[in-house]
Amino acid sequence: MSGDPQHEPRGKNGRAPDVLRVGGWMPMREYPQNEAVDFAIVGTGAGGGTLACRLAEKGFKVIAFDAGAWWRPLEEFASDESHQKKLFWTDERLCDGEDPIKLGNNNSGKAVGGSMVHFAMVSLRFRPEWFKSRSILGYGADWPIDWREMWRYYRIVENALKISGPVTYPWGPKRGRYPYRAHELNAAAMVLARGAEEMGIAWSPTPLSTLSAPRGLAHPCAYRGFCVSGCSTNAKQSTLNVWIPRAVKAGAEIRDLAMVGRVAVNEAGLCTGVDYFREGRWQFQRAKHVVVAGYAIETPRLLLLSANGRFPEGLANSSGLVGKNFMVQSNQAVWGLMDEEIRAYKGPPSLAITEHWNYADKGKDFFGGYAYMSQGPLPVVWTLTQTKRGLWGEALLKEMQHYNHQVGLKMVGETLPQERNCITLADEKDAYGLPIARVTHAYCDNDRRLIEHALDFMGKALDAGGAKDIWRETDDTCHLNGSARMGSDPRTSVVNADGRSWDIPNLWICDGSVFPTVGGVNPSLTIQAIACRTADRIGVLAARGEL
Amino acid sequence: MSMHTSRYPGYDVLRKRDTPSWDEPTRKVIKERLATPSDPRFLDAVQWRALEALCACIVPQPIDRPRVPLAGMIDMRLHANAGDGFRYARLPPLREAWRIGLAALDEESKGRHELPFASIEPAAQNALLKHMQHGELASGAWQGMDPQLFFTHRVLPDICGAYYSHPLAWNDIGFGGPANPRGYVRMYYDRRDPWEAVEAKPGKERQALKENRRVR
Amino acid sequence: MTNNRMRWAGIACILAGVAATAAVMERPQQRRLCKRARQVHIETSRAFNRSSALLAGSVLADSAMEHYRGSFSNPVMYVPPLVATFSILAGLHGGADRHAQTHTVRHAIYWGAALTGLAGTGFHVYNVMKRPGGWNWNNLFYAAPMGAPTALLLSGALGAAAERLRNQPARAPRLLGMPAGRALGLLSGIGLAGTAAEAWLLHFRGSFQHKAMYAPVSIPPAASALLLHAALTSPQPRWLARVMLRMTWLVGWLGLAFHVRGVARHHGGWRNWSQNLFNGPPVPAPPSFAAMALAGLAALRLREREPR
């Protein structure tokens, strides 16, 4: 092992950590700072990491920067919720608005590999109609991409990650078989299944990005249950152990512990490179193109931080929409107790799912959809859930005694894009001396009706599954999207379908911020699909001389 | 003090320390946690007394086993200034919130009982905390910080989150604890792996105690 | 039973299975003796006894492990390992027995094993059906395995066939109203196909992640088809069937080696045996191919000598 990865960069001296081997290294190409690389990518998560891989494989010279550490999961991930906070983005951010959101543990990663290092591995496709939700379903905004094209890319990503999923999926157009078989259900997932069957709706084992059989050097899932604290077996297929190693092999350079603070733009209004902080000093990397892939808070923050005389409102912001239409997903839950021992801490947390209310349109008094999944909170997350309903003292200890009997259903619900939900810069500064992000969020009436519907239905389904003493967790959110949406009109969007900025032709965005709508499924698979598509489009444009 | 008897008598997750359920990084992390000092590094003596009393109210620990050094864990966190990655705009930063909050708690207590928080009766302490929880405190000592918000977004999550990160608390709730490289095999209802805690069913407490002592 | 004792019981069962396997390996010297005595059908009976024992060994280890995994939640879960043990003993005894006469005790044991296998299949079907989703892929993968009790049924059937064959005349022995070679060929051919079907299901569950996982779903089915063909058509030398059956035998033992390695391939390897023996590939399963190959080869030898 070598040094503290949070203080000493590992992607250096022509080598990178080989995360699949204990103490292993792999050669890594390095590019000089004063020679412009083809692409400087800011962020190595589902968007940036995937794009770095696909661009490098097409022969482009790529450097990807990440503010976080380059971890070795086999050696450095403890089986401990608190310690593993080291994977989260814990730099300060301010949250306000009518319904201020919580950040940090469940939606913000700071590591090479981004939030995928601690994501819950749920890998779902959008419902086809969501790509035209304005024209077909009457809400939100249309995507400038056709669903069939996205479904082709979904397939590519599912194969790249060897998603473990059911042999046949109950909802939507027919899709091919998942590359790996679904995992065994745990008891918590069976309660979801029972409830769904009682309610007369379909359910399915969740398509998960964790191996149900060996793959290369990666072990199959050991059902440890610490998935959202980081997978120490490498069963979880993520940017960290799939896309990034591929990127490095294809000639990309990854710079860890490198916080990008500004995208530089010249007189002609074109990007020239990025300013980044690494090893105690600000440095500059020249690049022909810059891709911002920092997820839906850091991406608009960086674009706003990069404001200059030429672009006083921030980069790519002629529409005024950078930071606007920020969307989370509603993540409310119902919880109850079973007579049987459930021990939901075993196995991946969300082994069963129903997407019924994503695909059914009848019986709804709201726009949008939601999925809900079984749950497996570990003790710290579970006590935080309990304190949210005001429990403390003897009441809390008594409730916590039921830990091994608790069971729950948690939604991932669509929220509508609203301009008032936004990312702006606060006066407060972070450790780099940069203004921190202010995240303003409020639900709209439609969001509230959707949540009410979900809580009501999930309550009945949990009851039908055999649980008693059912109660509601009414305030949680997950995932960060929107804030730099794609579209087909420069006046109402920040980037085009390829993620290319309307204002600055060599500035691109590739992450969840480009989503015009979020749908009712976890976004990571869609972000990766977009990244693969963006890479292909860049290849096409380069061949045509249109880069 | 709690007289609640454990549902998992005799279960001690630390007995698994040298089994395949624990790996080296985890052993190191837990060892450090178990060695949390029981005197302050960040807080002063007055704040420390208030914090200890507050922790005892929020988590009344069982008396028949060693105590989780809660105040020490909070103090360590303040010392490291380890934030959550966000804060509500209406709350000051982590350290400031706790400094103001602990001082204000003493002021509120003195205002009612002429004694600092740590010196009043447990019933009075709990009553005061209920007022805080329900937004019924308004002394100037809060310096503009909303006491209710401080209670729901700092006091409860910080103290309870620290408590359930400690192995002693895992024992109480029958959590399997660290699990690497050995995870779990038996996923079905009412099934446990031999390295998981045995729940005491009514009338079978002695058997559970016996079996839990063998859980490795 | 307590955890530790259950654990040791599991290990003991596995060791017993391995020992039994070693004991029933055919000895060529004895075969020559038999041939000299022109007691081909007795030789066949003994081969079937041994094959039954090897299969029962696989069942013993597998059911002991899997039912331990299932925490012996129902007391009847102790029955299959027990019955399989008797089946092994019967097979060892029969394998050494040259008497041209049915052995009543062995015969009874074999019938017991077959009925236990049949009842086990019922229990396993119930276990699959009571889970949410009922008869779906995930339950076939992870609920009580359908193929496992069938192996016990098969072990009993092979043994019972061996016992009945002993009562037949040396010249033109018959079973179930047909020439004995044909009957045994059909029995072992179908059994082999069933064993391959189970391997397919479980290797499909493992997404055929290793190329070797295709071996048991290609070679044994081919051997099974050739054996069935030999049984149903007029008797003559069938060298290809014999080669494929010998390869099937090899698949069984190589499979064992691959599964041992497969356990090592899981997180924590053999050091984490208390998890990986159960979540990894089933170590006792592949030798059942060797058992079926032994029966198939014996059946083929008998069939080849039958009058046209």
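In this document, chain identifiers A, B and C correspond to the written order of the chains, with residue numbering beginning at 1 in each.
Here is the rule we use: a residue touches a chain if its C-beta (ideal position, glycine included) is under 8 Å from a C-beta of that chain, and two chains touch if they have at least 3 such contacts.
These figures come from a predicted structure and were not determined experimentally.
J.: With centres defined as the mean of C-alpha atoms, identify the chain lying farthest from subunit B.
T.: Centre of mass proxy via C-alpha means gives C as farthest from subunit B.
J.: Does A-C or A-B have the larger number of C-beta pairs in contact?
T.: Of A-C and A-B, more C-beta pairs in contact link A-B.
J.: Quick one: report the Å distance separating subunit B from subunit C, using the average Cα coordinate of each chain.
T.: 56
J.: Report the inter-centroid distance (CA atoms only) between subunit A and subunit C in whole Å.
T.: About 49 Å separates the centre of subunit A from that of subunit C.
J.: Between subunit A and subunit B, what's the gap in Å when you average each chain's C-alpha atoms?
T.: 30
J.: Among all residues of subunit A, which ones touch two or more of the remaining chains?
T.: 184-185, 190, 222-223, 233
J.: Can you list every residue of subunit B that touches 2 or more other chains, as numbers and ranges?
T.: 180-186, 190-192
J.: Residues of subunit C that contact two or more other chains, please.
T.: 267-268, 275, 279
J.: For subunit A, which residues are in contact with subunit C within the complex?
T.: Those in contact with subunit C are residues 162, 166-167, 179-182, 184-185, 190, 193-194, 196-197, 203, 205, 212-215, 219-220, 222-223, 233, 235.
J.: Would you pull the subunit C residues touching subunit A in the complex into a rising list?
T.: Contact set of subunit C toward subunit A: 131-133, 137-138, 141-142, 204-207, 209-210, 262, 265-268, 275, 279.
J.: Could you pull out which subunit A residues touch subunit B in their complex?
T.: Those in contact with subunit B are residues 75-83, 85, 88-96, 100-105, 108, 184-187, 190, 221-226, 232-233, 338, 340-343, 345-347, 378-380, 382-384, 386-388, 390, 392-394, 396-398, 400-401, 403-404, 438-439.
J.: Along subunit B, where are the residues that touch subunit C in the complex?
T.: It comes out as residues 20, 180-186, 190-195, 211, 214-215.
J.: Any idea which subunit C residues touch subunit B in the complex?
T.: Against subunit B, the touching part of subunit C is residues 2-4, 6-7, 69-71, 73, 267-268, 271-272, 274-275, 278-279.
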